[in-house]
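Two complexes are shown next, each including chain A; its partner changes from chain B in the first to chain C in the second.
Up next, the complex of A and B:
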């Protein structure tokens, strides 16, 4: 059957597909994974959606209340504030991670000395726990931290990075981009996969380096850029830890709620206020937002991503 | 291939069958062995050896008891306890704050202790400090017993040495009301710093090592921050706003020439090292801060951090004169309703709460008042001199708010955020009104 062949082809069995009916053997071996997918992934998602229609507390159970949680959430200014802050982070984080990740990958793809060492140095922060990066970053951006000490050395007064509502998200982005090593590895792999003949032909045609980058390199690594964009987008929607660690005074979401990210508000609803019903509503809305944005990006990608060389 | 499939199917099926059986087997084995009590507590750091001693002392009299002890920091404990209560997995004995009763639905999750108390002829009101006896009850029943005294949460600690250094008499000039305090703060900051460089501060009203100063001073002035039934925030009422404005004015008057709020933030990063309530005590220990408001639990911390520091304790110099500590809720221990060893859990609970040989020693070792009234007459406390006398005076001056304790963990970060918001240009009134709205949102969730 056509669909059987497609599935087998999809999972890598290309040369000797199993006979008709043997597909169940494959499914049987896939069963443990499928069971865990349903039980540990789809199950909790469905349960969360169900809870979003309930007034539910951890102790004492719950009851169905229709769309009341949704109405409450849409009338809650912190829901909108959380969304705004999260998207502010995403709007800064995705381009920053792309530019710095690609720039470092590009540099490391050149013929430079101690290439392996440089790659390791740039990649190391990516394997450190985010919390360690942020704890260190907090000291760097303190009023008397490393950054302000340098600024003072040139005779200026440094800003309050962690106490200024306008600077807390950019500071979070700077520290999160510190972990651009993962993006760098992806881009480096993509850059190395670009056939050198293209550049040779471009040299003969007299194309400059910047033209080569925009007309050859970027289109050919666009699948990698697209992949990173989806990953960064999902990461951005779930961003949470910087708002717990960074703000001055250890104020989660501070200063002045400027870093109250959506996921932080969801966490507070569930585990500080124990309002599981509304927390589930926030989670359900986040799932829908993630799905819609990812779908839109995939749709748009058809115009900008080139899969064939 | 068919044989392989059969083997795979049989293996999976047998796993499904064997797993529950083996779990049941373990359960039976547990009950056959010695009594094993699970115990969650919140006393880390210098208190860890004291907890170990408590357990060992109890085990000496009950050799058949084994413990499974888990330490959880206080700020993590509520989440853990409520989740465990919701899933029926509370340990036999666990630490809790009596302010959490509303989240725990005690009737369905905690063991009611009334019958145990009457069986052992224990009258809590006779043996405990009044405020601690009172907070053990919820809706007329006892569900927990106090672990530490909650009667001395709002004390004013000060460094007598720094007072002398600034030319003040630490006893005579110890502030007795707010106006005194502002005057003395001005002298201290002026004398202990060089112009333009803030090295030693008098006090920071937005830092808090225990009860937020805003609550302490507001209650003292007769303005509760939450309604009697605990369901309505009063953080935006005129009395509480007036307290916030006085604190705001204090920052301007005392630290204006050092950059005001920004100066304090910079001082924090330079001196205290981290901007939390604990940092305030750290700065005090380093002798970079003259006053702080906190509970009696920090006495041991200060004494071990800087044995040479000449520590003074006075009642809070409130707007209407001296006021005592706020006592309503505090740390206690409770027993899970699902405990399999209720009698042994009760024996242990008594030891770590109302037994002078257990909890009494735990408190004495820290030089903090005990909820067991008789323990506080011990000579070890008298040896603390006027510090203890003043502390007892503050405790006896109790202002006990009738309302349930405002949830500090929720409110504190918002209050600590005031300096950043003031620097960003928000007015103190607008900030307080916003905090009140946020707090009301929290109360709505809790009491939904």
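Up next, the complex of A and C:
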């Protein structure tokens, strides 16, 4: 059948019908997305950096003022406060999301009945709007809400979750981890991809369950873990909706600036005070942080791209 | 995977106890949500708390429609979702096709740039986008919510590309030999095979537009244009804690109901989409 293959897929035939006008075909296929890439994605990133060196008015346009925005920002105590609050959130959120996500995935990978039901229950919060989760969450953490009802049932006194500056970030973390279903699905896929022979061999060698977990499971699912951590880090850097919804009395960033996140400060600067220049400076500082992260992702993209379930 | 077979009763008991406890933790807020939504003002303030209000006040669902402009919020959100889906389907299938089934120099560069978009936080691009839409006089319409998503999403393009790579290239070659144009191959041969991935893209786009809050918060200044999440945000801001909580919770139920319905019918697509990309959409 060699001749048949040669005729059908021979080099001459394969090349000729595509050559002519190929560039134009490709161009037409890609045109709308290329426009979007330039105008809506990469163009804006560059423009944000340009704006960070400008004083910009919505009416009248901008003029360059050098590093003045950066000097102002670095002297701004809310910039440092926002950075600190955001990092407190990230420091709690990433490990919590990892542990709960992996724990639930591990649990659902056991040989149990009604797997689909348990999986849906854990996954469903992740598909709902963040604001609905927070609206319900706020109500649950009210002084006489569900959480405090349970705490009082075991004889303790429940704290004021939404009015205590020390508790507002942990409360935000708990509610965001409620949406760990996305991470759980990713970990579940990774766990299912671990060949069961490895465990059988480990059983024969007399390795305990915890040893198996740390010596077999964790190394083999590490690409998924690494990938999710980068996603969570980017999500964490952007966190700000909880600070709009949760604080008692509906004070954004409250109580007492305890949940004044970096992104909230950026949002207020850009879209409430319309200080476009300084807001762009805040965004540019975020760009530098995210670029480092994206670079790491591209480094591992080979592994990521060929990810198959 | 029958590794638990030789385990004793104690092991099984603990396993199921943990599974049920964790599920309860995840699910109990929804029970509380429903129970609160069915209370009236008196039951709401009762101490100790009632978890099964009797009688149940289903009329709260009617009240929500009377008190809040929920129909408008729904129709705005659906408008945004429909136009986003239509645009996204066209742009993303074309781009996904060009990134997987035609060979040319620079393809990988464009793909890496597309992939990287998934990791660009919105705040890095939203200020210039806002200025562009302002210049074009689109602030005060729904267009700023529609245009960016109708011009393709990196997530959809990525899903599309991964799917298309699984279709044998021989299929395209054969059509090319028969003199079919590239657009003909795309439209008549490849797209009909893509129904599963197109369904996934539709569902993720719908969910993404429905759940989006940050963009409406930035672009929509006129209450007539509010989407469902903005409606909920407004209602939350108006409510004095405790007094109208039952109606707020009813609103929450209505705002998540469409997503829950989609989820019930298309759970597999959701889970596959996440498993393929590791992302939410």
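The definition used in the following text is that the second predicted complex is superposed on the first by the 257 of 309 C-alpha atoms of A that agree within 3 Å, B and C clash if a C-alpha of one lies under 4 Å from a C-alpha of the other, contacts with A are read in each partner's own complex, and residues count from 1 in each chain.
Everything below uses one rule, namely that a residue touches a chain if its C-beta (ideal position, glycine included) is under 8 Å from a C-beta of that chain, and two chains touch if they have at least 3 such contacts.
These figures come from a predicted structure and were not determined experimentally.
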Practice item. Between chain B and chain C, pick out the one touching the greater number of residues of chain A. Key: C
Review point. Can A:250 be said to touch chain B (first), chain C (second), both, or neither?
Key: both
Review point. Which partner does A:142 reach: the first (chain B), the second (chain C), both, or neither?
Key: both
Review point. What is the contact status of A:278 with respect to chain B (first) and chain C (second): first, second, both, or neither?
Key: first
Check your understanding: Which holds for A:204: it touches chain B only (first), chain C only (second), both, or neither?
Key -> neither
Review point. Who does A:154 touch here: chain B (first), chain C (second), both, or neither?
Key: neither
Exercise for review: Report for A:29: first if it touches chain B alone, second if chain C alone, otherwise both or neither.
Suggested key: both
Check your understanding: Considering each complex separately, which residues of chain A are in contact with chain B in the first and with chain C in the second?
Key -> 22, 25, 28-29, 32, 58, 142, 144, 248, 250, 271
Check your understanding: Contact residues on chain B for chain A in the complex?
Key -> 1, 5, 8-9, 12, 79, 82-83, 85-87, 103-105, 108-109, 206, 262, 265-266, 268-270, 274-276, 409-410, 413-414, 416-417, 419-421, 423-424, 426, 438, 441-442, 445-446, 448
Revision key, fill the gap. Chain A contacts chain C in the complex at 8-9, 13-14, 17-18, 22-23, 25-26, 28-30, 32-37, 39-45, 47-48, 51, 58, 103-104, 107, 110-112, 118, 120-132, 135-140, 142, 144, 146, 149, 178, 182, 185-186, 189, 196, 199, 203, 224, 227-228, 230-231, 234, 237-238, 241, 244-245, 248, 250, 263, 266-267, 270-271, 276, 279-280, 283, 286-287, 290, 293-294, 297-298, 301, 304-305, 307, 309
Exercise for review: Please give the residue numbers of chain C that touch chain A in the complex, ascending.
Suggested key: 1-5, 15-16, 18-19, 22-23, 26-30, 32-33, 36, 47-49, 90-92, 94-95, 97-99, 102, 104, 110, 112-117, 119-132, 134, 147-148, 151-152, 157, 170, 173-174, 176-177, 179, 181-183, 186, 207, 210-214, 217-218, 228-229, 232-233, 236-237, 241-242, 245, 248-249, 252, 255-256, 259-260, 263, 267, 270-272, 274-276, 278-280
Point to revise | chain B-facing residues of chain A, complex | key: 22, 25, 28-29, 31-32, 55, 57-60, 76, 78, 142-145, 160, 163-166, 247-252, 254-256, 269, 271-275, 278
